[in-house]
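Following this line, the structures themselves.
One chain, chain A, appears in both complexes that follow, with chain B as partner in the first and chain C in the second.
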Partner chain A sequence: MKYLDEYRDGAIARALAGEIACVATHPWVLMEICGGQTHTIMRYGIDELLPRKIELVHGPGCPVCVTPLETIDKAIALALRQDVILVSYGDMLRVPGSNSDLLRAKASGADVRVAYSPTEALKVARANPERQVVFLAIGFETTAPANAMAAWEARREGLKNFSMLVSHVLVPPAIRALLATPQNRIQGFIGPGHVCTVAGYKEYEDLSREFRIPMVVGGFEPVDLLESILMLVRQLEAGKACVENQYVRSVTYAGNLPAQRILKEVFEVGNQKWRGLGEIAGSGLHFREEYARFDANRVFDLELIAAEEPAECISALVLQGLRKPTDCPAFGIGCTPEAPLGAPMVSAEGACAAYYHYRRHKECS
Partner chain B sequence: MSLQSIADLACPAPLGASETVLLGHGSGGKLSADVMRGVFLPALGNPLLACLNDQAIVSIGEVKIALSTDSFVIHPLFFRGGDIGSLAVHGTVNDLAVGGAQPLFLSAAFLIEEGFPIDSLRRVVASMRRAADIAGVTVITGDTKVVERGKGDGLFINTTGIGLVPSDVELSAHRARPGDVILLNGSIGEHGIAILAQREGLEFESEIESDSAPLNGLCAAMLEASTDIRCMRDLTRGGLSSALNEIATQAHVGIDLRESAIPVREEVRGACEMLGLDPLYVANEGKLIAIVAPDAAEDVLRAMRNHLYGAQAAIIGRVTDSLAGMVTMRTPLGTSRIVDMLAGDQLPRIC
Partner chain C sequence: MCLAIPGRVLEIEEAGDLRSGKVRFGGIVRNVRLDFVPEAGAGDYVMVHVGFAISRVDEQEAERTYEILQSMGALAEELGPGEDTAWDRRPQ
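Let's look at the complex of A and B:
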């Protein structure tokens, strides 16, 4: 398949790994931001190909993982109302809230529907004018434009029974928060290729300059990731710190301007809570006043219940790249994809699930 | 099977802390296994049931009989490459065939929702008849129940089948040995993607058809080619991964696959990439795997390739003596990863 096979080619991948081994003279700690990249690294065993000097730590770029517990609890509470149809992306259904998850809510009678895009939620709203349709709109800069478009369309049509429970997060403020912590070990970033496809990478240049840290905007296939690592190691070995773009087949400097326009039209930047990381200033997208009537938080009287994570779950440290999933005492014992304690064990893009699904045999052998 | 090993299987494992039945309990993955071990085996357990095979094989006097039952719940009822009627025949025929049986007779039970069009029912039953004729089986008894409108989803069908197992045929996962070869009869994922595409209204450049097919002829040809077939499984819900994980667990062996050897059609690969699904977990209705002694592999492979439903057959991996109970896969990069059993249904991912 074009644009896939050449980026999964074993010979090219091994050649790149060989080159990394030649170039690296010092130990380096690199973080891939995106959960999709973590998934590829684990699925293809990219860490196995790398010299021991290169350590990969996994970033917080899994939208399912960082959606606050309160948002999940609110979604479950909304879904359980008789007058509500809750529409969600598939992998939100198993994410544990404080006491339940959406799959269990569905089994006990809640009307929960899975959609591939927010426009499907609009269709559900048009087809069910007597009921309230709430779309659980989560994600990074990648999914936000489509969600903004759904709100824009709903406003244009004058839909009265459609709203969104929004938990949108932005990558650059999270990188800033990670780099600003005293425990930070990260020396180079593989930047989020799909986020930058939408947002461009100007903001990453500011971060790279400010913290003197190399960044390479990377793709999601094995060859993309190995090439990104090679570019980072070259910079580090040469004492450079700039932003380079490995994912040129998708990312441009300025990004997708129409997508950015619709984002600005519907949302404004505000503070946002991340599951595992806490509140980060300016890291979220919230409805502008003109779109307030599509904000489920305002449409419904949702009481905020203070929720707590299970004590033994170390997902906060995993999401910051400070610990590996296998460092967790509950990993694979008290916490599995069937009975997850933390969100990183749920989504295919969560670091814990990626380790569990693809690499647990390395622990046994 | 010894009493102790049955007791082990019947351990009342907690149902993943769920107090109610979730859709995932019917997915053929880990949750299905949980409900089997946590609910059905403790109550109904006996040595035959505890084998947990798709069919039970029981001797009555000198005759070995295979018995299998399956219920069919599918939306849409008519899809590219088949319908619920042909599927209900193929599903049970295949469950018998992979047990080494020659399928003979079927029963068919229809659970129909009030208001269901008689014309659609006629089409489904005509399709069952065609499928049964082609597979060489006869529907000899049946049952019809109608439920009130809103208490069903159009039409559900259950079929039960019996077949005869030749006295010299004994297929069982427990016979798998390190060094054995794993054969697959063709490309995977077509049924699941065809259904999903039609259900979700997804349009692809070329239409993907379900692979729904009767595999009894293929199984007979394979068994004729060699007596060293250890076991066979048809790949349905849960896909290739579930079938292999079940064998690895039952036989206490490791299974190591080569990713590049597993045939997947370009259209299916493309659809899976788009939807964030892994073809290893996508449903099939006309595919099987066979575990075969290394010396017999070439003969069985040749017999498969000479058959209509095995033209694309391939050796996809081996049984190993390391990592018992686990399925691993060699990636095109030369690294190794686990092929895990899914907890429940595969969920499409966000981005």
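Let's look at the complex of A and C:
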């Protein structure tokens, strides 16, 4: 497609990397929030194109990776019930719960189905009126409006057998939590382009001012990321700290208003637990009272045993940008995409999986 | 999970207050919900995530940014070929 291939142009990428090398006089630590950006960086070796002074650390922006262990356990428990069809985005099937995962539940006879879009979960509910259909609805601001639309349609249609097990996370409160930790090393952020496509970037201006830190809302192609890094380094070298938008072809200041409207209609902001990071105030979206009957937590009486992560998994440190996946003793040995110990090894956007696919050869040689 | 893929709107279908359309991604045509992009019409590019378009790609902005970037690339060419980097061996 036009405007996609252009942004993968190798000559421009090298020119941008050269420019970054010219501009950077100090070492700088930058974080890309979004797992999609982590994936592009690893796949195209963008970190290897950069001067050594520039260090990229990878943020918690993979919704699969931060869905709480308890939510996975609940989904598995629901899937194992005879009267339930559990519908999920494909990435969630291999995420390890405390003792099992959805794929294993499916192999033992549970009715687990993969959907590409929440509208497909609605179709399953319409086609199976005698069964309860539960949609495991995860996502950041990018995905939440589509999930909200499913609930809105279900309510309008009066669907009685549809509910959602929701784990929605919001980016700005997570950035605040990262910046507020005493061990924080991050000096500039590449903002999440598709999250901001929906939510706009006003909140990022507040954060940039509060912590005096530059942020550039960036796209997902190699050239987008290199340009975003250049914009950040220019700000840092000039002692500036403001928000700039690199991804102008998709992101506007106010964001997508129709998407924000449906989000507010269905959900309200509340506290949310992030796998690896713990609870972050005001970082989640929960059903409003009018939509309570679509909340799987209320429809089903779900007993919950507090769950713990395997001790050898350092994903909490990886998600905060304090350690690289390759620092984990289990990386590539006890933990691989085929047999993951932690969620960041599952999703293609998880930092551990991205390192495993594109960088492992190096660690071994 | 937050990936969005660009596609071209072929035709619009309105059913009550739901808006959808056929969108072409390379060789594949899919039905996509267009509720969040009321401004998008046939011929426009949209970014699609989990079956919903979340933005209309602003072609003018895309072109403008690209031209600025290209002028950097042209400059690099004038300075002579760069050394071979890992880039050229990346999967496309």
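Here, the second predicted complex is superposed on the first by the 364 of 365 C-alpha atoms of A that agree within 3 Å, B and C clash if a C-alpha of one lies under 4 Å from a C-alpha of the other, contacts with A are read in each partner's own complex, and residues count from 1 in each chain.
To be clear about the criterion, a contact is a pair of C-beta atoms (placed from the backbone, for glycine too) under 8 Å apart; a residue touches a chain by one contact, two chains touch by 3 or more.
Quick caveat: nothing in here was measured; it's all calculated off a predicted structure.
Visitor: For A:P129, using the defined touch cut-off, is the partner it touches chain B, chain C, both, or neither? Pick first, second, both or neither.
Guide: neither
Visitor: Per the contact definition in the header, classify A:Y116: touching chain B only (first), chain C only (second), both, or neither.
Guide: Both partners.
Visitor: Which of the two partners, first being chain B and second being chain C, lies in contact with A:Y89: first, second, both, or neither?
Guide: both
Visitor: Touching A:P27 in the superposition: chain B (first), chain C (second), both, neither?
Guide: A:P27 contacts neither chain B nor chain C.
Visitor: Contacts for A:G282 in the overlay, against chain B (first) and chain C (second): which applies, first, second, both or neither?
Guide: neither
Visitor: Check whether A:V248 is in contact with chain B, with chain C, with both or with neither, and answer first, second, both or neither.
Guide: Only chain C; A:V248 stays clear of chain B.
Visitor: For A:V198 in the superposed arrangement: first (chain B), second (chain C), both or neither?
Guide: It touches chain C, and chain B stays clear.
Visitor: Is A:T143 contacted by the first partner chain B, the second partner chain C, both or neither?
Guide: both
Visitor: Just chain B (first), just chain C (second), both, or neither: which does A:P337 touch?
Guide: first
Visitor: Chain A residues touched by both chain B and chain C?
Guide: Touching chain B and chain C on chain A: residues 1, 4, 8-10, 13-14, 36, 43-45, 48-49, 63-64, 89, 91, 116, 138-140, 142-143, 194, 347, 349.
Visitor: Which stretch or stretches of chain A touch chain C in the complex?
Guide: By the definition above, chain A touches chain C via 1, 3-4, 6-16, 18-19, 34-36, 43-45, 48-49, 61-64, 89, 91, 116-120, 138-140, 142-143, 145-146, 149, 153, 192, 194-195, 197-198, 220, 223, 227, 248-251, 256, 258-259, 262, 347, 349.
Visitor: Residue numbers of chain C touching chain A in their complex, please.
Guide: Within the complex, chain C contacts chain A at residues 1-4, 6-8, 18, 26, 33, 35-38, 45, 47, 49-52, 54-55, 57-59, 61-63, 65-66, 69-70, 72-73, 75-77, 82, 85-88, 90-92.
Visitor: Which residues of chain B touch chain A in their complex?
Guide: 16-18, 20-24, 30-31, 34, 200, 266, 269-270, 273, 275-276, 322-323, 326, 328, 331-338, 340, 342-344, 347-351
Visitor: Would you pull the chain A residues touching chain B in the complex into a rising list?
Guide: Those in contact with chain B are residues 1, 4, 8-10, 13-14, 36, 42-46, 48-49, 63-64, 89-94, 103-104, 106-108, 114, 116, 138-140, 142-143, 194, 222, 336-339, 347-349, 356-361, 364-365.
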